[in-house]
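Each of the next two complexes has chain A plus one other chain: chain B in the first, chain C in the second.
So, the complex of A and B:
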């Protein structure tokens, strides 16, 4: 399997701020790779290191085996879908999409034909003559996508492309992006702070925290077997149990993660505590208990009895769902 | 416990006024707009109309009295070679000053809009505005000294044995003069100096509105710096360039002091107006001269619009 992008001990420091700090990364060709993390975790800087808008202060970046340390953005065969789309307001949609072909010297009729082809791919055939200001957010997003794809890049970079869309449109675009990636067989590198988006779309993902990669793996790996407390907390909204609570619940004295949907309420158990919060989610109710000072959430499926706030309850779970993360 | 009332009592006149404005939103708008509309409508547009009216009158050649009859005779006089020369000279000067200001202002405005932060930004504003704080006349006379044969430029050229460059420039037909301060070249340099801030500021404001991601997108799609400049930066900054050029162009068209002090005393529109309404007492011709810059600006804006300069607004 060819690797599309490789990071070797890559750092990007801004003065004393270590935006990216010693990152090692391999992105396989044709994969849908997500970079997930809270804001300021270094994920966007990593994307900008691939596109060339940031230069690493240490380490080496390779794109399809070629060192790109000295290659400016306009000579890199990668294209970006920007967070704010960055469509040119003074050009119509067709000229926006054809821009990359124009600057490479392709003739007008040929590049317009290619642009129309791309617009058809993103289902905007009839919109070539409009200005970006006349489009909705979702349509602009598609234009940005077409404008990047028309150049036939080897890697497509997407910087939080769905962040500005409402929930329904975002879900539709997620499916569409995934289908498009499948159809084109292209390598997509996708930056997001939305766990659900990363888990549902990526073949493989890296979780960033404070400039470093906290964990890298498949969505299942990361959701079921978080490597650190940060990953467990950020990705799964999992319960993070301190060592003494894990031991009280029948495990070894280690930090552990336990997903709310694997946690059920029990009338009695080794540890019990008061219900401190209830949140109705439609498909069930999230019940938060205070167990020896640690908040533990359990998901009660719809139709099952929900305790009142203040009532005392214990928890139960299948021991194989308890994921241990070491004593430190 | 007594509950607080749902409607609070009005405490003062200000409370009552605010309530009135809330009930009748147009009242506040009317109060705010009446004084400026009176000023703009009566004083400003009114005097412009009076000017226009005057330009259609003519002067009796023998008695020197203004004849209040509509005629195009005065406009025909503008086309007399001696008058037409003034128009051509002024327009050429205004156009070259505008072009030079645009070329000089762009790098400064670009730096200020994209790179200057914090203290450097403050230093930029101060640097651009500082010349505007001192007297116009003082600056022009200072330039007369700078450009004089014995001035710092002449002195520096002599010391570096580059006087031949200045002599060469001063021997170009149309730019002749005994020194820079008596050549049209000097008039041009001082115009550029005096009006430059009016080009930099609108340009900087326009460039500041071009998001960085737009330039990154252009590079990302394979454009060189020159291509990005031509196809993205320039079209997006054009409204600012046009705004700046309106200032530099119309200010040069109307100025009558700089060409009097610096240059070869050839007449410009402003000087002609000054002389005609003063010593000559020919108000109609002065008015006709004054209408020309207005027409030129209207044509200029119409052309700019036609060329799509305001599409990015």
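So, the complex of A and C:
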């Protein structure tokens, strides 16, 4: 398997602000790679380091083996779908899509034919003559996608491309992007702050925190075995247990995570506490207990008895489901 | 309509104010057709179009000031278009120490009274031993023309999303291609509007011109020639004919600039 993008101890410091700090990263060719993290965590700066709008202050970046640390954006064989789409307002959709071919010197009829082909791919065949202002948000997003793809980039960068769309459209576009990536076999690098989006779309993902990668792995790795407290908190839905609670439950005095699906209610146990919240989910009920000041959720499958709010209960779990992690 | 009709007295006052401001302009037009050539008397004793013929055929003294004014306005506008756009680009695309202070300094010539600008330039020319010429007038005019172009260019640049420049580079365009295919088409109407306004302002500028033009006949722009004509009455309506020309040369560019930048957040004329 070839690697599309490699970061070797890459840093981008702005004065004293370490936007990206010592990042090592390998993105496999043909994969759908997500960069996940809260705003300011360095994920967008990493994307801009690949596109060339930022230069690393340390380390080396390789795209298909070639060191591009000093290559300007217009000479890199990568294209970006920008967060606000950045369509050219004075050009119609066809000329927007054909722009990359025009600046490379391709003739008018040839580039327009290619642009129409790309517009058909994103299901906008009839829209070539319109101006971007006459399109909906979802349509603009497709134009931005077509405009990037027509250049046949080896890596496609997507900067929160679905952020501006409403929920229903976003879900539809998620499926479509994934299908498109599969069909074209391209490497997609996708930046998002939405953990569900990252987990459901990516083949592998990097979770960013304060300019560093907190964890890199498959969605399942990251969901089931978060490396740090930050990852468990950010990716969500897992219970995060402080060291004293872990020890009270029979583990070593370390931070640990425990998935609600692996947690069951027990009549008695080493630690018990009152039920503070109940949420009926259809396939079961999510019961939240207050154990020594920490909220711990357990999933009670449908058909089993559910305690009342305020009742006291304890938890049980298989020790192999208790996942220990670093404190960072 | 949600708003109530304003009271009659307020509307009458508003209409009165507008008439007071604009009727004298109509009088300028009217006196270009009067048969009385020594004083402006109302109503005119008779109407004639002879002054247009006189101005065209018998008054060679009109042409040098007219050409001078056109020349000065053209050169000052060209300088302003280049420098004003460059400054605007620097102010919006880069951040540096003291940027806000420099932006204030750029706007200053339009806020300063013309007399101050004129005096300052005149003494500077004196100290540096620069003889008065067309170029000193051009310099004087360029100080405020740059501000007009700058204001229009900055407003447009702020409104343009910076993303489209990056998108252009991302799609493989070099800096020149980005300028030619993305920046210029989006800046065009703002620069045209700024340029026309600058031209109009330069064309009828009097105060700074008096300070920077010296005293010879070769330094007489059209507005200054008109001022002289009013003091020394001789074929007075000819001055009004010229006034109509000045009106056309300044009003239509300003009107065009207004329509070009309408609907945007542009500050087309601001000040002056």
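Brief remarks follow.
Definition applied: the second predicted complex is superposed on the first by the 302 of 328 C-alpha atoms of A that agree within 3 Å, B and C clash if a C-alpha of one lies under 4 Å from a C-alpha of the other, contacts with A are read in each partner's own complex, and residues count from 1 in each chain.
Criterion: contacts are C-beta pairs under 8 Å (C-beta built on N, C-alpha and C of every residue); 3 or more make two chains touch, one makes a residue touch a chain.
Remember, it's a predicted structure, so these values are computed and weren't measured experimentally.
After alignment on the shared chain A, the placement of chain B and chain C results in a clash.
Touch criterion not met for A:182: it reaches neither chain B nor chain C. Using the contact criterion defined above for the overlaid structures, shared-chain residue A:123 touches neither chain B nor chain C, since it reaches no partner.
Using the contact criterion defined above for the overlaid structures, shared-chain residue A:108 touches neither chain B nor chain C, since it reaches no partner.
In the overlay built on the shared chain, the residue A:79 is in contact with chain B and with chain C. After superposing the two complexes on chain A, the stretch of chain B that clashes with chain C is 96-104, out of 6-14, 96-104 or 168-176. The intersection of chain A residues touching chain B with those touching chain C, taken from the two complexes, comprises 51, 53, 72-75, 79-80, 82, 84, 86-90, 99-100, 102-104, 147-148, 151.
Remark: chain A residues 51-53, 72-75, 78-80, 82-84, 86-90, 99-100, 102-104, 147-148, 151 touch chain B in the complex. Against chain A, in their complex, chain B makes its touches with residues 211, 213-214, 216-224, 227, 231-232, 235-236, 308, 311-312. Residues 51, 53, 72-75, 79-80, 82, 84-90, 99-100, 102-104, 147-148, 151 of chain A are the ones that touch chain C when the two sit in their complex.
Here chain C touches chain A in the complex through residues 161, 163-164, 166-174, 177, 181-182, 185-186, going by the rule given at the top.
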